[in-house]
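Pasting a structure below so you can have a look.
Read from first to last, the chains carry the letters A, B, C, D, E and F; within each, the first residue is number 1.
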Amino acid sequence: MRENKTKTIWAAGGEVLTGWLAIPSSLSAEMMAQQDFDAITIDMQHGCADYADTLSMLQAISTTDRTPFVRVPWNDPAIIGRVLDAGAYGVICPMVNTADECKAFVEACRYFPLGGRSVGPIRAGLYGGSDYFANANDTIITMAMIEHKDGLANLDAILSTPGLNAIFVGPSDLAVSMGHTPGFDPKWDDVIDAIQLIAERCEAHGVIPGIHVGSVEYGQKMRDMGYKFQAFQSDFRMLQVAYANALPAFRAGKSS
Amino acid sequence: MRENKTKTIWAAGGEVLTGWLAIPSSLSAEMMAQQDFDAITIDMQHGCADYADTLSMLQAISTTDRTPFVRVPWNDPAIIGRVLDAGAYGVICPMVNTADECKAFVEACRYFPLGGRSVGPIRAGLYGGSDYFANANDTIITMAMIEHKDGLANLDAILSTPGLNAIFVGPSDLAVSMGHTPGFDPKWDDVIDAIQLIAERCEAHGVIPGIHVGSVEYGQKMRDMGYKFQAFQSDFRMLQVAYANALPAFRAGKSS
Amino acid sequence: MRENKTKTIWAAGGEVLTGWLAIPSSLSAEMMAQQDFDAITIDMQHGCADYADTLSMLQAISTTDRTPFVRVPWNDPAIIGRVLDAGAYGVICPMVNTADECKAFVEACRYFPLGGRSVGPIRAGLYGGSDYFANANDTIITMAMIEHKDGLANLDAILSTPGLNAIFVGPSDLAVSMGHTPGFDPKWDDVIDAIQLIAERCEAHGVIPGIHVGSVEYGQKMRDMGYKFQAFQSDFRMLQVAYANALPAFRAGKSS
Amino acid sequence: MRENKTKTIWAAGGEVLTGWLAIPSSLSAEMMAQQDFDAITIDMQHGCADYADTLSMLQAISTTDRTPFVRVPWNDPAIIGRVLDAGAYGVICPMVNTADECKAFVEACRYFPLGGRSVGPIRAGLYGGSDYFANANDTIITMAMIEHKDGLANLDAILSTPGLNAIFVGPSDLAVSMGHTPGFDPKWDDVIDAIQLIAERCEAHGVIPGIHVGSVEYGQKMRDMGYKFQAFQSDFRMLQVAYANALPAFRAGKSS
Amino acid sequence: MRENKTKTIWAAGGEVLTGWLAIPSSLSAEMMAQQDFDAITIDMQHGCADYADTLSMLQAISTTDRTPFVRVPWNDPAIIGRVLDAGAYGVICPMVNTADECKAFVEACRYFPLGGRSVGPIRAGLYGGSDYFANANDTIITMAMIEHKDGLANLDAILSTPGLNAIFVGPSDLAVSMGHTPGFDPKWDDVIDAIQLIAERCEAHGVIPGIHVGSVEYGQKMRDMGYKFQAFQSDFRMLQVAYANALPAFRAGKSS
Amino acid sequence: MRENKTKTIWAAGGEVLTGWLAIPSSLSAEMMAQQDFDAITIDMQHGCADYADTLSMLQAISTTDRTPFVRVPWNDPAIIGRVLDAGAYGVICPMVNTADECKAFVEACRYFPLGGRSVGPIRAGLYGGSDYFANANDTIITMAMIEHKDGLANLDAILSTPGLNAIFVGPSDLAVSMGHTPGFDPKWDDVIDAIQLIAERCEAHGVIPGIHVGSVEYGQKMRDMGYKFQAFQSDFRMLQVAYANALPAFRAGKSS
């Protein structure tokens, strides 16, 4: 089975940087996959790709060696099974707030005897290879989102879920659930403490901690805390900000 | 009929700045249309939108007051008619190298007696209003591309075409046709001279000169030459460059 | 945040009339939105729009000031979150038969602390504005369907759900659950009594009553009962009936 | 090869009524095909269906025995070949103004030795049958549009084109080319005379005359003139008018 | 209501053969429907069709008299309702492991009083006819998948579900749940025994047994066991194998 | 620039085998690209892929090292430019019957000074690399179809076109133009002679001869004649034949 490059990097103690796709286009997906990322994540929750878009975007990503991840819209075995059969090598599941939810998520990603995923890896077989079934349970990354104070309260129980590979912190939702406002890179002490705690408990449980960040500085801070998987902005947001920054200068006609 | 804001700006001596859409997505189109542009151009030639994408992108643009332009793939009355019926208020036609080609292009955009456009403005009627037919010939902008030395050689004849509103210079193709390499913002003297000449002849003929630029500095230079319509980069290129610039810093972890 | 025009009309005691879209086309959606409706509802349950269609149809509706509603296929937080992030200002949820189901529905539409909606309003931010998060809980309309005798039996409990704005009666399904046949505008006494009761209990609870009707006469009857939100036919049904009525005359060649 | 029902009706002296599809949806297409039409025409010129839509709409129409027609965007052998290979049994070609244009159109629809159509009827073989090639030249209907005074001037030459089966009058464009305004059912004397003349010359040449009409009365007038193929309104226009007519009454609450 | 041909064949003691569609294309769907099958199943679980594809594929199948089935991605009333409204005459539900799951599945397919399906058969009404509601409960086939040893353990309880018409064995998943490897046509004794048992218990309960097979020989074995519904390979797998078998010979240039 | 593997094989005297895609699906495209082909051709003429399908199919093919070809619908610079910008490394142009047509085709594929292709290789730059412009004229394969006796009559003139790399014989259309019936692998003497002649003249002009075949035996015959590029059947036809052959046996229940 084709190697999961993200797992290989983690095994070597390295850090994985993922692109984040909210624009439902295989064209921008392929361009993003040629940037210096290790992985590319299609966001089916807050991004606008539906299943048909996701299929063609996964194919576009597969023109490179970036690990293809999908954030599914919800903890639902139907869509989890479909994106895995479409060739995702990692699944990010939103709003995992209890150990039971985490167990349901992980089992949706695993074949018997570790879970209840049904066998039929149509494009996954093309992408992963003919020995996909034999190796999928060891290759596919399960990544549960901690993005609510309820999940935080159940952190150790969630992290004890057999077969859970990684955590993805949603700092914006987490801050909201703690009474703050949303946005990239929250700086309230209680949120920072929570993010720090997640990293520590992940390390204690042998689970990889990941997080979504919006700036170089915050990314460095997360790196220092031990985060080994970082999503940096998104295609949509990066483009929005790039033009918002550039147009006043263009209108003003500043010279170089 | 709904006003053509770009014509209004030009009538007041102002400059029109257009966004340029190569990514075939109505989501990014709507976000681009909320940036500080006056117009938004869907590029069906080198961009990846087909007709169905273009239709939904025109609708997305129409949530704002930006003037919707389409660059058609070729000087072909079939696609020109279709994008006009879909609600484009300006058409940019590639590779207009002779007066005959220019005449054919303009006539494809105009109703009788000024041209041969067939009547049936299905979405154009929704967008423009019930008096669309009566006013379309005066409202729709025809913009021919000068992007080849052959077009340059026939410049005055092209500019004399009745009903031609504007010229759009393709500096990259123009430079290539003069023996140089492609890219934004060519700086060879002969190309600069040609671009200058086009602006001057446009002014002499009462035709608006437009151009595609890649930087603030070049844009200012074009403004100084008299260009009144500028496309600045494209969504695809801006996103590509933004990540290419940002990722080394992110990897390096520079602090603020 | 952009005003929810439907809420404004209700606040002034007025009636809201919604178009109903079953045809999955952004073209017909835009045309319908130009008719004299106050709102436009995309029906993802019995209509044929999937998520990608819905996204482009929401954009088409947003070229006007009609309030965009979506009837989701089911009481499922995944699709509720996705249509809200796509810019729906109202969500109609089918088959709400218990207070628990109603609570789950409302919480899927509300941000913390009123619910569990995850933050990431990608197109909703474009449509609603940059202050979307701060105002969404007060702006988004939650509308639960009473369309089964079980829901009727639990009416007061359902109407007591905090954050529930409105009820949408499905008269056809309601009649079926009471042993009758389906169709627009049921006239059995027990169904009429139920519809009357819903309007009365809504008024008692400060919840807006809405309903789907098929004729002017029935609409007037509902208006008299106090219904403040009415869907009138659907694009699909209106077109079907229009041709069914017109063709015999055309075949017969009646003169005017 | 499957019978062309329209040809059969014509052979028996009967009249063919066609539905007209401007909305790019296979759902509304299938519903329209269940109405009492003899044929269904997909309008790729002023309607919004692109090729992919057309393919699925042709399949939807093929669930019934209605003859599938396509109006192509332009007199272009590429799209003519594609819609024929997709199973169209009739092609309507816009703006045929000269005999040469008519000859080019007809030859694009005919296999050797009558024309230059390339062989590869992929879906046409599914729809027409395995003997498609042997019978296509006799089965496929070629219908040229007379919709300009130039075409009128060349009428007899156009009607003399070998292999031309029918004419389709575009009364709106024709009126425009004669100095009038567009719209259904023009009533200016010179236009009426032209329409009458076309019917007469068609009969003289053994070519079937067809026309697009907007009302029962005008349809009867055309029938009286000898028109044997009539398109009645369009899905888009019928729906638009139906709601425009119905909503004031609904708002006013007239009783039955 | 249009006859369900599969039910008719079963009533006469006959066997139903279904095509299996994993490729999301209405073109290949129509071609498959012209093969000598009795039914055609669109696989939305392991195949790649999403809802929009399924709609157009159902239309393509409806150009023939093959019974249209859909395997839904999961036991979820939202998607079950949508594919029924789109015209599916049979629903295959994956991973039915308990009687409660089976009951939920069947009720999602049945109108009141047999279940909770909401009324609004938009395309189903076009396909089935205007008396769809009155006859749907008797016409639509419910087919639960037994594909796990847990389902096997609850076999009699599942088969006792009122309104369940048929069982579809997933031999590959079933074998996996019994500790074997996946693939067509498992030959381990315990799996064979289980498949035999299912056929026997189905007969005892008056439920039709069905199964997915990969070869003529295995199909015969299943026929001998009493299986009355067989899916043979899939479009995707058949094409893959056909080229895999043909290309070595082509490369080698064997003569006939 | 990424190597054109087909050119490399030809340079070494080898034979290139291409898959042929008529089904408009990126899923089947990716599976076909994993078969033992050297190239994969998307057929936009008689196959059913439109531009949007072609873009995603090119991406699917690019997950492998197969050379991506597109057969365009017609000799039209608009679509030729678009498929090249989408990353096609070879273009097959139908019905090239004269030297002028061949020159127009080749020039549409070549940048200045060899042709008039406009510069803007959006996905081609992703696929080919940043030095795409500098190397495209030497890398892209131009392949004109000889498929009519008129083309045969002008064979030497066509083969003399500067920049023409290869010929693709359409044996079915060629046979038709010579008075025979269409189909794979024509065996009439005059057609065989013509095919032989084309191979010989190609060799004389240093142009690669290619052809579409339907069987191993015919392929060997073409190989013996010197054909260095062969398309073998198509996905659509292979699937159609595979089931047509398999189902009678399945129905009959032959044992192994």
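Just so we're on the same page, contacts are C-beta pairs under 8 Å (C-beta built on N, C-alpha and C of every residue); 3 or more make two chains touch, one makes a residue touch a chain.
Chain by chain, the UniProt names read as follows: A, B, C, D, E, F = 2,4-dihydroxyhept-2-ene-1,7-dioic acid aldolase.
These figures come from a predicted structure and were not determined experimentally.
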Greatest separation from chain C - chain, by CA centre: F
Selected interface, D-E versus A-B, where C-beta contact pairs are more numerous: A-B
Duplicate of the E-F contact set - from A-B, B-F or B-D, the pair where over half of the pairs recur: A-B
Cα-centroid distance, chain A relative to chain D, in whole angstrom: 52
Inter-chain centre distance, chain C versus chain D - centres from mean C-alpha coordinates, in Å: 38
Cα-centroid distance, chain D relative to chain F, in whole angstrom: 34
Per-residue multi-chain contacts in chain B, two or more chains: 22, 24, 27, 31, 48, 50, 52, 55, 76, 79, 122-123, 236
Chain-level touch network, classified as line, ring, star, complete or other: other
List of chain F residues in touch with chain D within their complex: 22, 24, 45-48, 50, 52-53, 73-74, 76, 79, 94-95, 147-148, 170, 172-173, 176-177, 179, 181-182, 236
For the chain F and chain A complex, residues of the former touching the latter: 26-27, 30-31, 34, 55-56, 59-60, 62-63, 122-123, 126-127
Touch list for chain B against partner chain D, complex: 50-52, 55, 76-79, 81-82, 85-86, 111-113, 116, 118-123, 133-134
Residues of chain D touching chain C in the complex: 17, 19, 22-25, 27-28, 31-32, 35-37, 48, 215-217, 219-220, 223, 232-233, 235-236, 238-244, 246-251, 253-256
